[in-house]
Amino acid sequence: MRISTTKLAIGCSLLAVLAASPAAFAAKSVLEIAIPAELSGSGATVGVLWRDGVMMGIEDANAKGGIRGHKLHGTAYDTQTNPAVSRAVIQKALDGKPFAVLGPVYSGSVIVDEALTQKAGITEIMGGEAGNLTSQGDPTLFRTSLGQAQTIPPIISYLKDKVHAKSVGASYVNDDFGKAGNVLFLADAKKAGLNVTTDISSEAGQVTFQPDLLKMQAAKTDAVFLYDHEEEVARFLKGFRQMGMKAAIVGGSTVADAQAIKLSQGAADGAVSFAGIGSSSPIPAIQSFVKRFEAKYKTHPDHNAIKGYMAVAMLQAAADKEGKADAKGLAAALHGLMITPDKYPLIMTPMKVLANGDIDNGGYLIQVKGGKAVVLNYVGPK
Amino acid sequence: MNQPHRVLPLALVLLLVAGLAGSVLKPYPIYLISLWAVYTISAIGLNLTLGFAGQISLAQASFVGFGAYATALLLPHGVPFGFTLVIGAAISFILGVLLGFPALRVQGHYLAFVTLALATIAFLVFRNESWLTHGTAGIDKIARPIPFTSDVAYMWLCLAALAVVTLGVWWLLRSPWGRAFLALRENPVRAASLGVDVRTYTLLAFAIGAGLGGVSGALFAPLGQYIEPSEFALPLSFSLLLMVVVGGSGSFLGPFLGAMVSVALPEVLRSFQDYYLLIYGVIVILLLVFSPDGIVGIIARGVARLRPTDAPVEPKP
Amino acid sequence: MSVVLEARDLHRHFGGVKAVNGVSFAVEEGEILGVIGPNGSGKSTLFNCLLGQIPPSTGQVLLDGKDVTGMKPIELNRRGVSRTFQLLQVFPQLSSRENLILAGQEHIGSRMKRLFGRPDAGLSAAADRMLEQFKLSHVAALPAGGLSYGQQKLLDAAMAFMAGPRLVLLDEPAGGVNLSLLGSFRERLRAMNAQGGSTFVVIEHNMDFVMSLCTRVMCIAEGKVIANGKPDDVRNDPTVIEAYLGH
Amino acid sequence: MMSLFVQVLISGLAIGAIYALIATGFSLLSQGSQTVNFAQGDFVVVPAFVMLAANSYGLPIWASFIVALVVAALVLGVLFKRLMVDPILPHGAMQLSIATMALSIVLQNGMLNAGGAQAFPFPGINGGLHFGNIFIDWQSVSILLAAVVAVTALNLFMGRTRIGRAIQASAQGPQVARLLGINVARMVLITFVLNAALVTLAALLVSPIYLVKFDNGIGIGLAAFSAAIIGGFNQVRGAVVGGLLLGVVQNFAATFGPTQYRDAVPMLLLIIFILFRPQGLLGRAEERRV
Amino acid sequence: MATDTNSPVLMMEGVVGGYGRMTILNGLSFSVARATITTIIGPNGAGKSTAFKAIFGLLNLSAGRIILEGKDVRGFSPAALIGEGVCYVPQGRNIFPELSVHDNLELGGVALGTTKAMRSRVEEALDRFPILRQKARAQASTLSGGQQKLLEIARGLIARPKLMLIDEPSIGLSPLMVKDVFATLQRLRDQGVSILMVEQNARSALEISDNGIVLETGRTRLVGTAQSILNDPRIAKLFLGAEVDLETPASP
């Protein structure tokens, strides 16, 4: 059988055009955003909100023209709250040559992902708060909120200067988040001369907090440092109030989080936390975000949703500084960047990106009063 | 489908195809193929315990953990990877013998619960003894052995390890030991009356299965280059058990196929992202309803239908 | 001729029930001893005591003059005692040949040697010979579970001979075997006894079978030996008839 | 010290009472139909979600409870038996157990997709009584009361009614029961429905303190298996004793022992019982015949 | 002769059946006269217990009729047969060990579905068996073997059967207990219950029976009064495997 060379040439060129055009089209106008997140498993509570926050950020950014004229497209990947799976999905995400990686939240998953994004030179903006994440010297890894190293010292000072506590009892969830916070707290408390007499480990999803509460009651400390997930915080606080315990309650951002306040049914009143930006932050932009998010996803956004949303703004600002939407220079452009809501509404409150990938967008010393988070003190970005 | 000598070439060809495919693919499929190889080794071990010797174990994840921690902790001290692998396998083997002792006393569901309890305790030790295991923070930057540092090279290492394990298990199953394991599963009282030392073979079935879990763990740690305790908790044990059952418990090829389904399913069900674990669960249940001998059973029936049947054999009364 | 198996005043009680109540007997080399008795007479319990499945309450079991009372089945098997079970017990997933190899393999070499030695432990030829003797050669490669009941029963019996046993205890070998097969089955067992020089003890309900197979028959009733002698003598013994018809 | 002891005991009994309810259902299933249900913990979360949903449509909590009872009886009782247990049990009890492990995955992810990842609050009884240093909360008291009433009612039903006795007979000797004309299949179905009712009640009692979250079944399921085994797998009364004992021991261990290993305590108890007293505290040793 | 001349309670006509492909009953025929004790004897494997299973609807039959009081009940379920007035006391121990004696008795009437009448029937049964009344509240597992057998018989009577099938009641019982059980059966017969029994202890069973049936290889070999069978010397030979000619009448 003879095939005419002309036909062959036409066929080949047609194939080439067909093959090339979608790629060219994709490269020019759509920026792929990979969103590895804890969509199932024990981390689903935070991962799902993170993803929804990012997705909403992408939608809002696209409505205003995206990034330097390019539309954004987000693809979520489920890490199953499992580092081995996280490693698989980040690999998959990187094979797609994304513009940036937004996520995940759990520190184990972040650690495996960070090694690969660094190697690929892709910027990874994640939701983790554990102290050790940004201390590895990865130039492409960024936080979206204050790390534990930033949020725990103000709590210590509050305990010392305002509560005048001499003895403290600590209760923490024994996972990567709670343990890391607890370790930092114990070290800082020791430095500050606070006496931590009781240190209680709890399990995520343990059935009862009665033993923890009774142990805490028996310890008769001046204050209680609570570092746990929202629902466990609420359960602890409910029991704490019911038993008529009087010690001052301080803790991580979860202690004054809206979800914890709601679940605790009033028991969170009086608790104090130092937290980065969260759903109860008295910032109009954030409050309107919360309302829009609730309307859209029928669930209350916690700080993870806000972090995911802000991460999109970080990409916008970095690309603008870089002058083009290029994944390669993104990380370098982010370092040292100051992002303000007047130019980038998605950031909602001014954010300073620090040299090691930490950020500072201010924090609040918050106390829960009458079922509402009330700001005691605002510490703006330095 | 059950006779290892018939399907061994098939298994080895599968490995080779996977490797060749991986060599031209992107890092993600390469990682999946490596992960498949690692899980398959572990599932082969569990299949030996469950499928061939008839002893259920929900502690396989713990043995993967022992292998992974041994490697992750010893590598920084300059111990070569080959040794860490052997040490990890040996630790798992010895602990597997210990785990086998309950199996001499209790069977079936009771054994399932004992192994479940031991697996929970092992996880707590991994998590709480942070002076040794670095606790919840995990162990980061686990080095891959030279010259297998690249993704492709490490994939070949995993596949080679799987090939060695496959050959070893093939050898084991066609040896008198394999026959004794089967006898143990089918009818221990009769086996004992024929001189089969039920006690020793039960312990061996556990120990070899556990040892393979250790080998799998030793390969797992440098693959992801990070490990943390929660990876070796009960969900992995359940997941390995489901791999064995989905593939076909007690068949030589079962673990290969079961692990493949488990690794590849999220990919196949990409458009149902939020639902794929749910769908996976439903698939397992449907398999248990319609084909209790797993995918291998389905394939075997398909093959039997295509092939003209041999002379019918009288069924037993 | 020497005594292979001897029971001395065996007793076994379950609660208040005396299942075996002072049984003594001896089996000499090459004998085929039949054990008969009505249902519930204690035959099975006696067998279980002899085979180490349950320890006797009191009394002794001697194998070649050595005390083996209470020894586990596997140890007895190593000393050359093999058995069949009342209910069919072949390994259905293994082929007939594999079943026979399994029955012989644990008696050859050390466990380590078996792992690294030949897959059939060098028993294929012996297994095939045994298949031939039991007229099972045509089903050698088929899974035992697919054989007819009678064939499985033959295989079950053949397995007992693979290790070249000194003593074979057969528990209702003819149970469920159809009449047309029984005759040849009896011939197989006789031949095994003649050429192997091994000694049999047979529990059997089929009187025709047991009377024509055995060299000697012992009748048990209510846990005691009530008759012991040539088949025809036992068959006509009034106490035996009495036992079978009840009080 | 004394007051601490009393409080640990009381709160242990309260949580143990919930374990007892779930473990009782678990034992019923395993006796009635050899179903060892690894999804039993998730079975508690499903009706909790149903109650929340009904409640959110404006139904009062008691009416929501009835709705949940009906849904649980149909889905976790009848459908579970018809669609999973009946077809898989002939393949083997172990196969069925593995299928329930898969069912656990299905239920957890189903609830995650349907209800979301967040925990939901659940209406309960607040407040309590102080006796000197001892504080007893109404929720614990109501849990204990409700559990006592439920277990007593169950025992009366099983012991005093015709159907109850027929259920027991079907579990103890299905062959003989059939000879007496008992419809064994129907009795087994009733045990599945009873289990559904027990887990629904457990959901009503535990949710105020545990909240409602898609993966709550993991912890509660492990505790229930342990309780059932400690009490005696083949004994309904045993599950009650096992549940209470486990609740108390767990509470004491968490209060006075190293909290990092609190989850090891039920597991150690489980191992010790299985290895050294497999029939459980109250169970009778299974008769083994050679 | 105690045989009633009225129509028989039960007639088996050419019943063929077995387990799976194994046929055990090869055209079994016999009848049971009203208010008599009829004992089936025969060597092992003759199909005695299988015959009971055939009557009680537990076997798939390929041919034959089972006529109960003039009605063909072949294929009836156990529950339906209880309704028709048959009860079956199988071999071995068949009590519910963890239920009380009283509750065990009540379960005898569960297929009838009435609760109120049941109370008086249980009372009646307890009156009839004083030893059971003494232990009415105790767990059935605490009874002795003989008492358990009595409990089973009493439980069968709750449904007020016309015909009782009882399989090897003497197994595992001491001679004294066997006597007790047999005396109970005789009493029941005198009260009008027809009893069909399978018994290994052929002699003592025939001694209390009215009629006897000899089975071999799933067929009826001999039917007669209990006395005539008891005195037939060929029966013993049959048990011990000898070829026996039962077709020609016995020479006494």
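Think of it as A, B, C, D and E in the order they're written, each chain with its own count starting at 1.
As a working rule, a residue touches a chain if its C-beta (ideal position, glycine included) is under 8 Å from a C-beta of that chain, and two chains touch if they have at least 3 such contacts.
Everything quoted here is computed from the prediction, not taken from an experiment.
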Chain whose average C-alpha position is farthest from chain B's own: E
Chain whose mean Cα position lies farthest from chain A: E
Interchain centroid distance [CA atoms averaged], chain A/chain C, Å: 74
Geometric centre distance via CA averages, chain E-chain B, whole Å: 56
Distance from the mean Cα position of chain E to that of chain A, given in whole angstrom: 78
Averaged-CA centre spacing for the pair chain D and chain A, given as whole angstrom: 37
Where chain D touches two or more other chains at once, by residue number: 109, 260, 263
Residue list for chain E, restricted to those that touch at least two other chains: 22
Residues of chain C touching at least two other chains: 149, 176
For the chain C and chain B complex, residues of the former touching the latter: 51, 72-74, 77-78, 82-83, 85, 89, 91-94, 98, 101-103, 105-107, 111, 114-117, 119-121, 139, 142, 145-149, 151-152, 159, 163, 176
Chain B partner contacts - residues on chain D that touch it in the complex: 30, 36, 84, 87-88, 91-99, 101-106, 109-110, 113, 222, 225-226, 229, 233, 260-261, 263-264, 267-268, 270-271, 274-275, 278
Touching residues (chain side chain E, partner chain D) in the complex: 56, 77-83, 88, 90, 94-99, 103, 106-108, 110-111, 115, 141, 155
Of all residues in chain D, those that touch chain A in their complex: 4, 7-8, 11-12, 15, 18, 109, 112, 116-119, 121, 126-128, 130, 135, 137, 206, 209-211, 213-216, 218-220, 223, 250-252, 254-255, 259-260, 262-263
Interface residues, chain B side, partner chain D - complex: 56, 102, 105-106, 108-110, 112-114, 116-118, 120-121, 124, 127-128, 238, 241-242, 245, 274-275, 277-278, 280-282, 284-285, 288-289, 292
